[in-house]
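Both complexes below contain chain A, partnered by chain B and then by chain C.
Up next is the complex of A and B:
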């Protein structure tokens, strides 16, 4: 009876839409507008007249070396998140789903890094990487080795990616483990009777039946990689060293809030959204095609 | 330079500075000493050679190994701790920094050593008192309140009052006497600020904040040679001119 009358649904849906309109969609549209003006402050106060720049900010992005580095690093992060976060999450999920005792223990252990604040993880790893007295160099010095600058230009991106990837494996592990639990045991039993090994079952049963779930995880992973900010910013602010570890999110933040170049930061934010939509659509297309 | 080489030979980081986080003090002093107070306090349209020379000193110092190995990635708190732990020899900071130094018997404040071919006189300082007492227009225009307001301000800004407010911490607004129990560090700080040959307000007090951040953001690139000091200063001054015109 409830669904014959539509207005009760509206009563529950409208507040959420209003909230998103005020705090998400309107600011987002404002952000697009701001990217076409020279913002001399974070808001346009009465009496101020921001100069109209047209597409100047977008043209500037084409020649900005930092944008190129940020996009490249974001693409690398996307690939790494798919391979390591979703990949390792899948392997762990398959292994854990095959054990009878201790499943709950492993679910907790692997999921635990998710509940730790990314800022805390970033600070922890920053301490590990410290050249003077950091944990890794203390271990090296205990073995009589010279200390290493773990965040030097040649190593910095890798050292930033390690904790970023590690902290989110558990998230995909739980999603994939839940997906695995939906596959009936009868199918595996039938396959075993027909002589299919456990290893082959993964490729011929598990993977095909998990396509949709894996596709969702890949979409989440690549769009998440594009937005990554907190961990890298805490460890290597301003794309340190020398701008080499910039991601789109961190470069946008630095431009807007460290350099006070709000309009250029708005431009980068718009491009992040566009890239996110393009990447999500591409992943969706690839996943659907194979289905 | 000799100090830098000597400290390096003895395994001590010569200068505790995070180029990625707070190079501000070095930016100001290098430009002041290169250009002299007059050149430093002007707001030109294009990059003066002296300012360029000042900022290029970052590369010279970095090539000498003056900064920490990880100066590009650490923050100001970390390098400050290196100094307090005696792993770094020299720190350039504001007068408030003295309060956090515990080794008050073995740490001293010395004048900025200067650079080769400098235009500033030895003892030139970047500084200034930016807060104080004010009388509102309302109080000034009120005949009943004006005298009281003036007496209030004079009571808080005469030498005795400044001595009490200063209490041995930081820079005083006028000449003060050392107080009893001052540590050798605090006394050396007082001697340093009393002997200043000139005090100039920092650059960020004269140019647009966004323009100033272009200079600060460009310091790492200048120190590695990836960017030229002239380009960074010109970009900042161009932006400053645009902002001033609006």
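Up next is the complex of A and C:
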């Protein structure tokens, strides 16, 4: 190593480490600790001591219907993100890689929703879904159909998933397109000389060669699905209707910050972390085994 | 040279690609268009051009909603987060790629591990701390956790870049008596311009677009940044379609303008690290 004196190291490292210690690592551990206590308030006041609960909060989760809905919805969201975000992203990427004109245009346009805040996108779709004169019902009306309550219990979850999925397709599209451009043209040329159709090339050349990139995308999509909060919260606050559209993040927020049940909120947060690690390991295992 | 003939496959591809492009363009055009109509007109004919071009919704938004103030708050918050993340991440990356020390491996894996901490798992204790320090409803309450939240990823991006930079230039400067701090400021920072701009872009956008932390830390509606203000408008005036469309447009347009100029950098910035995994 070049630099002989070690003390400047401290100046470079300490501010960053301090930040992460104070705002990431210690809170992370404190959050786990909090989940075992009965928190009488966000801050422990004298005379209002927190009682040690042990595993009570975790036992409570087992019988909590909302937790079950939230976990189920989050898992559904993971599956949908993989199928639609990565799936559509892949199809579009393969298509764009096959054309000559307009590649840059499609990249720019497809990526645009990602830079827009989920809050704004949520509001926009609220306008589309509105029962009285929302965009979708105006279209139905033009065709002489009855207006639909798009956020009714049977439809709500689907209608919340649509904008979430739609807005992120471009992200995976760009990553996959970059991956595609790394595959040499010679391989495709050789294949087509051997009489392999374009369609077959996708299955026998593109997919196998893109395994790592697709694996990365799937991991990002699945862990990203667990972080969903802004968009559902704006469109259907508190899991409306009847808590049916709760995801792990929105249920955690509602419990902790709307109902001030901080310890139970912490417990949900711990479960989010565990779920994230389990799913990431599972994806890792599946993609590793194949390759 | 390929034969020039009408290719059905390519035509189909273009049609599909254009259709998807329409789904990403049309919703935004629809919103912008409707922001210039009175609410009653949005309810009946949202697909036509405004009969009478009106700025009423904007007067309403800027007059009653503190939009300018929200922009100011958001700029201060996201600006500070961006500068903080650039500063701390580049210093850490420099230390981690140019020095050998005990516990370096552990530190590196701790940084990678913290990527697995979703904001949900740290926010309650952070909020406790903010309340105890009497910082709630202040910009700094959003800035501090957001810097920490972006720091690990930024450090990984910077380390990736710095470890590929040859050490010769620094060596020459160091041998001639420059201190590590001078080397860092005069050589490392200029070399890192491209990756620093990547870090700046994703820190800024993540911070600017994030509703969750803003919502928890700031409850005083005079101090709302953009995202919380937008959510507030929707819960209070959700039935006023014209105002809602105008509010979304107000948030949309600055980002759209910046995106037009910097789209290549932004796309690179937000997908950084993903490809390398």
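Assume the second predicted complex is superposed on the first by the 266 of 291 C-alpha atoms of A that agree within 3 Å, B and C clash if a C-alpha of one lies under 4 Å from a C-alpha of the other, contacts with A are read in each partner's own complex, and residues count from 1 in each chain.
The rule is simple: a residue touches a chain if its C-beta (ideal position, glycine included) is under 8 Å from a C-beta of that chain, and two chains touch if they have at least 3 such contacts.
Fair warning: this is a prediction, and the values are worked out from it, not measured in the lab.
A.B. asks: Once the shared chain is lined up, is A:237 touching chain B (first), chain C (second), both, or neither of them?
C.D. replies: Touch status of A:237: both partners.
A.B. asks: After superposition on the shared chain, which partner residues are touched by A:107: those of chain B (first), chain C (second), both, or neither?
C.D. replies: The second partner, chain C, only.
A.B. asks: One more residue to check, A:178. First (chain B), second (chain C), both or neither?
C.D. replies: After superposition on chain A, A:178 lies in contact with chain C alone.
A.B. asks: Give one of first, second, both or neither to describe whether A:269 is in contact with chain B, with chain C, with both, or with none.
C.D. replies: The answer is second: A:269 touches chain C but not chain B.
A.B. asks: Under the stated touch criterion, which partner chain does A:192 make contact with: chain B (first), chain C (second), both, or neither?
C.D. replies: The answer is neither, since A:192 touches no partner chain.
A.B. asks: More residues of chain A are touched by which partner: chain B or chain C?
C.D. replies: Counted on chain A, the partner with more touching residues turns out to be C.
A.B. asks: Using the superposition on chain A described above, determine whether A:259 touches chain B (first), chain C (second), both, or neither.
C.D. replies: first
A.B. asks: When the two structures are overlaid on chain A, which partner does A:132 contact: first (chain B), second (chain C), both, or neither?
C.D. replies: Both chain B and chain C are touched by A:132.
A.B. asks: Looking at A:51, would you say it contacts chain B, chain C, both, or neither? Reply first, second, both or neither.
C.D. replies: First partner only.
A.B. asks: Answer with first, second, both or neither: which of chain B and chain C does A:25 touch in the superposed model?
C.D. replies: Touch partner of A:25: chain C, not chain B.
A.B. asks: Can you give me the overlap between the chain B contact set and the chain C contact set on chain A?
C.D. replies: Dual-contact residues (chain A): 130, 132, 237.
A.B. asks: Can you list the residues on chain B that touch chain A in the complex?
C.D. replies: My answer: residues 20-21, 68-70, 72-75, 78, 82, 87, 209-210, 213-214, 217, 220-221, 224, 226, 242-243, 246.
A.B. asks: Quick one: in the complex, what on chain C touches chain A?
C.D. replies: Counting only chain C, the residues touching chain A are 9-10, 13-14, 16-17, 20-21, 23-25, 27-28, 30-31, 34, 42-47, 88-89, 91-92, 94-96, 98-101, 107, 110-111, 114, 116-129, 131-132, 144-145, 147-149, 151-152, 155, 167, 170-171, 174, 179-181, 184, 205, 208-212, 215-216, 226-227, 230-231, 234-235, 238, 241, 244-245, 247-248, 251-252, 255-256, 259, 263, 266-267, 270-271, 274-275, 277.
A.B. asks: State the interface residues of chain A toward chain C in the complex, per the touch definition above.
C.D. replies: 1-3, 5-6, 8-9, 11-13, 15-17, 19-20, 22-28, 30-31, 34, 42-43, 88, 92, 95-96, 98-99, 102, 105-120, 122-124, 126-128, 130, 132-133, 135, 138, 166, 169-171, 174-175, 178-179, 198, 212-213, 215-217, 219-220, 223, 226-227, 229-230, 233-234, 237, 248-249, 252-253, 256-257, 262, 265-266, 268-270, 272-273, 276-277, 280
A.B. asks: Spell out the part of chain A that touches chain B in their complex, as residue ranges.
C.D. replies: So the residues of chain A touching chain B come out as 38, 40, 49, 51, 130-132, 149, 151-152, 156, 236-238, 240-243, 254, 258-261.
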